[in-house]
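Shared between the two complexes below is chain A, which pairs with chain B and chain C, respectively.
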Partner chain A sequence: MSFADRLRLPKSGLVKAIAVMLGLTLGFGLGGCTTGNPASTNPTRTLKVGATLEPASMDAWHNTAAAIPQVLLYNVYETLVKVDADGQIRPLLAQAWEVSPDRLTYSFHLNPAAKFASGAPVDAAAVVANINRMKADPKLTETLKAQLAIVTGAAVVGEREVEIKLSRPSLMWLYDMTTSVGMMLDPAFTGDVASATAGSGPYAFKAHDKGQSVTLVANNAYWGTPARFDEVVFRYYADPNAENAAMLSGDLDIVSSLQAPDALSQFSDTTRFTTINGTTNGEVVLGFNHSKKALSNLKVRQALTMAINRRELIDTVWNGQGTLIGSMAVPTDPWFEDLSGTNAYNPTQAKKLLKEAGYGDGLTLRLRVPVIPYAVKSAQFVASQLRDVGVTVKVEELDFTRWLSEVFTNGDYDLTIVGHTEPRDFPKFANPKYYWRYDSKKFQQLYQAADVTPDDAKAVAGMKASLRYLADDAAAIWLFDLPNLVITKNTITGLPANASSISFDLTSIASR
Partner chain B sequence: MKKAQLVAGLVLVGLVVLAAVVSLFWTPFDPIRVVPGERLAPPSLTHFLGTDGFGIDIFSRLLVGARTTLAVGIISVSLAAVFGVPLGMLAGQAGGWVDDVVMRTADVVYALPALLLAMLLASVFGASTTTAMIAIGVASIPAFARVARAGTLQVMAADFILAARVSGTSRWGVASRHVAPNIAPVIGVQASVGFAMAILAEAALSYLGLGTPRPNPTWGNMLRDAQNYLFVAPLQAVWPGLAIAVAVLGFNLLGDGLRDYLDPRLREVP
Partner chain C sequence: MQLGLRIAKRLGVFSVSLLGASLLIFAITQALPGDVAQVLLGTDATPEAVAQLRAQLGLDRPWLVQYLDWIGGILTGDFGVSHLSGDAVVSLLLPRLAVTMWLVGFAMFGSLLLAVPAGMIAALKRRSWQGILVSASAQVGMAIPVFWGGILAVVIFAVWLRWLPANGYVPLTQNPASWAAHLVLPVLTLSAVQAAVLIRYVRSAFVEVLNEDYYRTARSIGWTPMRALFRHGLRNVAISLVTVLGLQVSSVLVGAIVIESVFSLPGLGSLLMTAVAQRDLLVVQGTVMFLVLAVLAISALVDFSYLLIDPRQRTGREA
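Moving on, here comes the complex of A and B:
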């Protein structure tokens, strides 16, 4: 009820006056909500998290933007299993699970306490309904479709036991289930997932103030360890300096990912701030559009890779923070090896290769990047170094929504730079419809062969081989692995050093 | 005193023009090439103003930036004058409903800030120097139309116009032979002031990332880059800021000086 509605009801002058007083009191009470709630004796515990990319909606099923699961995964929607800070798979909605010897059937035993925010149980029927809903959804994102492609069916075994069958064994599948594709939505929910949520997590979506923030509130009916905050606000800053300033002035509790590493020294006051510096799953990828003639040529891709000194790029663009990777894997992955030596910096060789490919007289490419600090700065660096080998680069900066529709969805670009923050995401190179349009039968075979290998050690060796193939084939240029630079107030505890999941997992965070 | 203003304006504008011309033939360093080993160097004999976060010589970037600044100024002011002046003269000469239609339309455009228009254009056609020029130019049309209309009304009240009309000169003849030469000085003043405004608008657009895209230097995007290092290398923001200030001051002084110089009523009696 609005303030105006309250005013219209009373008839007499006195009642009206009282109503006005009441309204004012209520108004003040509401206005003061962020600092204290007069209705309860405990003050409201609010956590304010600064972030860079704002989600366009709350719909993780039809929008691949990582900003959505960053807020929702594990916090609002839960998965059968989750990945912990060390990259290991842990129980969440499923207490335990078994894999059949042929590795085609997974049986999950659901936690009997688990229930959605509505009170409905997270039972076998709900899990099956989720799998079936996604499989039947033609508009589901390509990423989720690809991850679900090997699922042939899900069946209710007992009230709390569900069986999921795969068409082929897959090492990757269970990891996938810890990400967006594993998020369980209340089957009874009929609203619009873009603007409301119905999960089983400790928080529920409250409001999205476009251009500003996303607010989550504690789900008081949560079945597990209760939320430690009544309200969590993700505030979005297009400008990293504004975010830093907000942190310095005390407006934020956490900077979820420092986007201006040159400003790291601003937070050196250890009596006020804690700095976390670990690794992330965020590979900064310079993507080639393989459907373009010039970029379908291996020699051109190799030349472009050799033209860029990636060590210097990290030093220049990200103040030396970050790790060289050289392929689509990060140090926390079991199959990681530093492949930055493949097609290493060699401008002379790059020029030679370009000449051999028939571009000795020059080549013009459009580099379309989203306006994200690491991307625009890398773009300037890349443009400069490619110019040195005779490649003209036209840089275009697009706001993220436009980048998503034009570059990511429609593939209207030659080169682009973006961070791929999903964990274990190199299988995306096996999807020819993905925005790189990379259609390498060889890689698809290598990856699938590794993925179905029953022996874990052999499977990891296979993954390594496929990653090496990606590097040799110069399928993209892996500029660097983004560092997990997190700044928190000293009163905040429980953040892991390495960000192993795409989620900004609030469940372990506490305030002293 | 009045002359001093004009001279100061000419000198400052001259500096900007000189920088732009020099940059066509020579810059101390490559204004685009990244030199990782020389990041954030302080001012020295090799790098007069130091280097930026990419190790690029700031002085070289400033010189090249002057080019964009002048280009945007010239094109957008020309665009505004080419459309604005005839429209203003038409409104002033025709009067009646034509005057109303033209000037009210101008008011509508005037109400739309140049920045908003530029953001609109940038989101449709992509950010570039051209969209910035067009946006600033279109947004400046009403100012020129107003000045031209006021000037025209003044001239039209003069006796020689009556004489010209009595002697059978056509409307077109009156406009081209009598009105245009007489309002030229005020248009010149408006152009100078408009130029200053265009420089500011271009800097603001580049600062917001809606103007000239990287890696081409403009004073606005230099300012934008500098804010990343505000706590590490604060001088970086000073140089482009100073350049913008000098250019804007220069064109404003030039405008004021021209007005005083051309206005006989303000001319000092010796």
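Moving on, here comes the complex of A and C:
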């Protein structure tokens, strides 16, 4: 007996129509899972990478969004030199380089095989054209302008040899050249860099399906080791749960960055998934507003630092994942040393210092954080530990754009927590206008002296000294270094443990 | 004559509502703290550069000028340009609209498919276990938040059974089978949640029909309860059902925004969420205006549909 009979439904046209439609919907739907699975409609060798921040365009020169170099750097556009997973500078378009004794002139010897996707060579003239183009572009992002500010000129020395002159020596400059500012664009390209690419990398941009994905295709004319995938799709998820679900259901090959470490347990099946756990460039900084009277007092800053048990914070808010750093450097930086023992956890001493500073009767501070999981969770923990030493903390959560305008730009805060994900970003402490309003002449001298030191080893030692100064001066509280949590299918190999660059570097990734 | 007057009146209300909505939308988006110039320039930008970009984008002009500029554009079909990507707002809206339209359309249809038979059973068998079961399930269904329902559906059908893709979207023109496969879970979730709400209305409307004279007459000439309900009941129930459906459209749209996020569908909802987060105000205004237009148009259609369903409304006579 049919369902309709049982309900004594008249077998009218309406019922039949409904039955047909239901059948069609289900048939379509289930048919879709065998024939419609994205994997089977794509050509062979497709890599699908899940990510959370979608780029608004493909133009890294006029848009600061980190999501752009994540896709393009090293994959589509190449740089003279690149940074490897251990933070070391390696050859890319330049196979070798020399630095003059005064460290003002860099001579790069370009790889003779290097060519753009169009077939045009990446020669000295192309490098000079790129530097000149950026220097002449009034709309270039402030970040790139600042990085180019010390470049006084670039000159062709030979067909494959280029010389770049600086106005002062800088240890940082060559590192900067491994990021977006070093990306070489085909000088012959006349299209719109927002929606097309013309690089020399193993992949080329194919399509940006707004709200969904960015697709790269193999550059078959690549001059180096050929691309291992015909197509790479970066799929974007506003909701991290959706990204995890796509990985669990087999729709993705890689989750490029797990948004919350409590999701790790979902991928514990080692027969299906591999978990990569390394370090990133993301220092989670509890920033002080140094223009506020209480926070301009060293004793108060030291007391606040001593009041927070950072090991316990990592265990409580980030599932024990993350590295203690104690200053504004991460383990892949050449000048890193673990300074988390400076102003170490000691609530009794914290109370004493607060009393000495004149805040024995209590202190009230506003902790304004952007709504980002690590910031919100850390804020609760910090508020609770500061309460134990007599500091009342009022936590306010703001959406990121509001945080950017009120806290970052206008400096309307006492304390805040945010991850600083740019590589080698501790020189920000030398800028008194930066949102911390940290104006330490001593630190500025230490850093600038280190940056212009002609000897590499001495320069690194100088950087270490300036970082130690920051920690001693309790310029901020460095809660932890965000872990690089990457999930891959077991068939995927070649991903480095550490995310030392802003690129999601596809060049080493392969599929078994 | 009376009909023409009614239509004219309805169109008048429609236009005034749209104007009011546009003012409200503009005022609220302008009041949002934070701005797109800062988002565009990033964290290294100087305040001077931000101010300069604001001037370039025209964000420093008086509100009235900005409003008139925006509304004037809309009247000629120009919704402006996204500050963030440089794309025309309309070119961003249209592909997203298609996704939301499929989702909302199928979900409304699906909720009717579920709610009408279930509501009938709940009414006819209201004193036996079947009726109680339907009513109880509807109560449970209403208590389930739509995002939770979505996550549950993903876990069961995509992660455990691997029958359907967990999320994402493929346009119909690209691959119809894949398009349908990607829509099944979001549509089912949204339909089920909406059906849970509808079932109660359908049930009470049919319970009323059961007490009507025409129903008793139909039964007395030997019609089965289902036949009597289908032939005479459905049309009488339709008026209140259409009213409820019209009201439901806005809640389905809200549900769609949530569902789009759970299933990573590139619809209007996800466009709106991203644009709000990045203060891409013209995109926010354009999208909300579009949604308001859709809701108002549907409620106007609901009004007109009474005329089709109920002959008494056409003639102005009471039966």
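Convention: the second predicted complex is superposed on the first by the 322 of 512 C-alpha atoms of A that agree within 3 Å, B and C clash if a C-alpha of one lies under 4 Å from a C-alpha of the other, contacts with A are read in each partner's own complex, and residues count from 1 in each chain.
Note that a contact is a pair of C-beta atoms (placed from the backbone, for glycine too) under 8 Å apart; a residue touches a chain by one contact, two chains touch by 3 or more.
Keep in mind it's a predicted model, so treat the numbers as computed, not measured.
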Which of the two partners, first being chain B and second being chain C, lies in contact with A:T316: first, second, both, or neither?
first
Pick one for A:Q385: touches chain B only (first), chain C only (second), both, or neither.
first
First (chain B), second (chain C), both or neither: which does A:R402 touch?
both
So, does A:N63 touch the first partner chain B, the second partner chain C, both, or neither?
second
Of the partners chain B and chain C, which touch A:E142 in the superposed model: first, second, both, neither?
second
On the A-aligned overlay, A:N241 touches which partner chain: chain B = first, chain C = second, or both, or neither?
both
Looking at the overlay, does A:G362 come into contact with chain B only (first), chain C only (second), both, or neither?
neither
Based on the superposed arrangement, let me know which partner A:D251 touches: chain B (first), chain C (second), both, or neither?
second
Does the superposition put A:P112 against chain B (first), chain C (second), both, or neither?
neither
Chain A: partner with more touched residues, chain B or chain C:
C
Take the contacts of chain A with chain B and those with chain C, and give the residues found in both.
241, 399, 402
Seen from chain A, its contact residues with chain C in the complex are 7-10, 12, 14, 18, 21-22, 25, 28-33, 35-38, 41, 54, 56-57, 63-65, 141-143, 146, 194, 209-212, 235-239, 241-243, 245-246, 248-251, 399-406, 408-409, 433
Taking the complex as given, what residues does chain B use to touch chain A?
32-34, 36-37, 39, 53-55, 123, 126-127, 209, 213-215, 227-232
Considering only the defined contacts, which chain A positions touch chain B in the complex?
240-241, 260, 262-263, 265-266, 309, 312-313, 315-316, 371, 373, 376-377, 379-381, 383-385, 387-388, 395-399, 402
Applying the document's contact rule, which stretches of chain C touch chain A when the two form their complex?
32-35, 38-47, 49-50, 84-87, 92, 95-96, 113, 117, 121, 151, 154-155, 158-159, 162-170, 175-184, 224-227, 230, 261-264, 266-267, 270-271, 273-274, 277-279
